[in-house]
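Before any comments, here is the structure.
Order of writing sets the chain letters: A, B and C. Residues in each chain are counted from 1.
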Amino acid sequence: MKNKQMININNVTYEYKSEDENLVAIKDLSLDIKQGEFIVIIGHNGSGKSTLAKHMNALLLPTEGIVEVKGMDTQDEKHTWDIRQIAGMVFQNPDNQIVGTIVEEDVAFGPENLGVKREEIIERVESSLSLVGMDAYRFKAPHLLSGGQKQRIAIAGIIAMRPDCIILDEPTAMLDPEGRREVMKTIKKLNKEEKITIIHITHFMEEAVDADRVIVMEDSKIVIQGKPREVFKQVEKLKKLGLDVPQVTELAYVLSKEGINIPADVLTVDEMVMKICQLR
Amino acid sequence: MLKDITIGQHYPTGSVIHKLDPRTKIIAVFVFILTLFLVENFMAYGFIAIFVICCIRIAKIPIKYIIKGLKPLTFIILFTLVINSFMIAGEIIISIGPLNITEEGLYQGTFMAVRLIMLVIGTSLLTLTTSPITLTDGIESLLNPFKKIGVPAHELAMMMTIALRFIPTLLEETDKIMKAQMARGADFESGSLIKRSKSLVPLLVPLFISAFRRADDLAMAMEARCYRGGEGRTRMKELKYFKRDFLAIAVVLSLFAVLYLM
Amino acid sequence: MKNLTHIYNEGSPHQTNALEDINIEIMSGEFIGLIGHTGSGKSTLIQHINGLLKPDKGKIIVDGMDITSKNVKLADIRKKVGLVFQYPEHQLFEETVYKDIAFGPKNLGLNSDEIDDRVKEAMNLVKLPFEILKERSPFELSGGQQRRVAIAGVLAMKPDILILDEPTAGLDPRGRDEIFEQIRLLHQKYKNTIILVSHSMEDIAKLTDRIIVMHEGKVLLTGETKAVFRESERLEAIGLGVPQITKLMGILADKNIPFARDILTVEDAKIEILKWLRGKKNA
């Protein structure tokens, strides 16, 4: 299961065309994502991560190169809707992606577009809402919910389309810490329990700690890629890129530089507690 | 002031009228309006008034609530009454300077005012007893037969839904921008009319920009969720006629038919 | 030190985010961190200090002026208290950066020379090149730059008290660090009072002298930054945290390693740990 290809990006370049100049947003980028993976993409605003995300469900088409979702070329118009059903997308601003005036109507929006039968839509709405823990809000108006709750509704709306993969473009950027926790818990659950491939874009480093793979983008390219431990170990390089490192990782790094026997790839507080206790 | 307007507001009580199919209610209101304009005697209006009061009772909406909804319209109603009383020639009752109140004018004015009140109460009954979304569904369904002659039924309904969805969001945003500009010393409340309308620029420009940004985002999000117009779309909620709908239509039609003949 | 802001016995008109019986004193020149989760009353509180909301009961005294009394002019409050809202770039509206920043000073009734000076100074403070950007439309700028234009718009009013409501929300780490650095420099240079609302305990720890913790419309805790973060259990009980590094040192202290519980930065933690290790070696 895990070795099946989900998304293949081969030597993709994308240019935004404006009046006086062409802006390169992605440059000769290649990336393969396997089914069931939990990928976190980190980078600055303007590093090209959002543009990359929009290539994964045919919202943008590459200027050069090929993007395939489950073997379907995104350039091929007859696959566009299949691709968008397979690869769902959640956006940054929770207010600007909810269509319905009542929660359940919004969740039903995707399946309705797909032409799913009425009885099945109702069944999907119920199961999707319970998956994100929002069943109690089924008949509420979305504008009365908190940011984290709205994002969970948006996620439920995507799940109701039965996708294999969900791309989340900075879904936590506008949320408070509580909302961020709720959304991250939901995303992780979808990956673990429902085996949905997750591509999560963020600039909060702590959200990358549990990923299978972290991808760091800068200047339209991938600059670091690997398991969270391998990536976060490169404290110096990340700092030079102006990115955050979890405080404990940074501490481990500066201590190991002082010659203390602590591995530089500590990710969590608990790990660090253990490592320091071992020094006793 | 804004929250006093009851037109367009929903007042759920779960009554029989609330449960009627939206199409039934739209047709009934349509017939009701037609009747108001065709019937021209006080007797018939008396019957209509009784009918409206019955409907309000059955719908379990407090009469006070409806009267409150009329308040913002007091001026227009009085204006209709006064203008008509003065403008129509006939037997003079009272003269105030060059202006004459005529008997015919007073009659006509009262008539127009009552018609206006009925019109407002009738249409607000529709929105008070029907949630905006079901109302939209009803309009879409009724317009469907006209698709062939180019009426974009689905698109109109979708536009209404989105508008309804974003009204609270934009209201909240207006409040926020207003406060932010006030914190920078903007004054929205004092000065001449021209100065006051000028002072709205710092409010309206950001509001429009934000609305466009939201529209852009929403279009992208809808596309990502496979929205491609009404073609091939199914609905979670389907409208269904029940016995009570046929009954209601029958009652309304026969009642008003009698009024025409009176 | 004089009393700058004094709030007591306050009740708000909104029931949902009401404030209850709040007494705070803020001294001139303090850098205050205001924390609490969404709905705790933070936003309501800062809008009271700026005079946008009026308390049902109680008084707010800013620099000797009772801003709750009826005969106080709003313009006078604005001169003293500047408020930068969340996502302030959403309030830009003028054709040029210059005009937008000049909006506040103009409303204060200043003459054009004075306005000119203030716009220059404010742009300088947020590190926006005056000559290059003054005639540009604010809407052509990047998100980070737009935000700085908006902050400059408030700075140009030269408030004695500057309130910032999550000034870095939605920015990437680089943009966030730039804004905080500018705020820090501003505070150093002008010694003005700053009230910073933020969800990031790391940022609060780095910047502020004193913290006010709000919970359910009340002030739960207030004190020096270090002292407040020592109360990690109380903070966690209401869903707030402490900086990761403070938490780490706290847990280690629980395990009888003699660490201080009020370590706020990685640098301090490093020094503390090295001290401990060397002390052990000598023993």
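Basically, a residue touches a chain if its C-beta (ideal position, glycine included) is under 8 Å from a C-beta of that chain, and two chains touch if they have at least 3 such contacts.
Every value quoted in this text rests on a predicted model; they were computed, and no experiment measured them.
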| item | value |
| --- | --- |
| Chain pair with the higher count of C-beta pairs in contact (B-C, A-B) | A-B |
| Remotest chain, subunit C as reference, centres from CA atoms | B |
| Whole-Å gap between the CA centroids of subunit A and subunit C | 31 |
| Separation of mean Cα positions, subunit C and subunit B [Å, integer] | 46 |
| Interface hub residues of subunit B, defined as touching at least two other chains | none |
| Residue ranges of subunit C in contact with subunit A within the complex | 37-38, 142-144, 169-175, 177, 199, 202, 239, 241, 243-245, 247-248, 251-252, 255, 257, 266-267, 269-270, 273-274, 277 |
| Touching residues (chain side subunit B, partner subunit A) in the complex | 132-133, 161-162, 164-165, 168-169, 172, 213-214, 217-218, 220-228, 232-238 |
| Touching residues (chain side subunit B, partner subunit C) in the complex | 173, 176-177, 179-187, 201-202, 205-206, 209-210 |
| Residues on subunit A engaged by subunit B in the complex (per definition of touch) | 57, 59, 81, 84-85, 88-89, 91, 93, 95-102, 104-105, 108-118, 121-122, 125, 141-143, 157-158, 161 |
| Residues of subunit A touching subunit C in the complex | 44-46, 146-147, 173-174, 176-179, 203, 242-244, 246-248, 250-251, 254-255, 258, 260, 269, 272-273, 276-277, 279-280 |
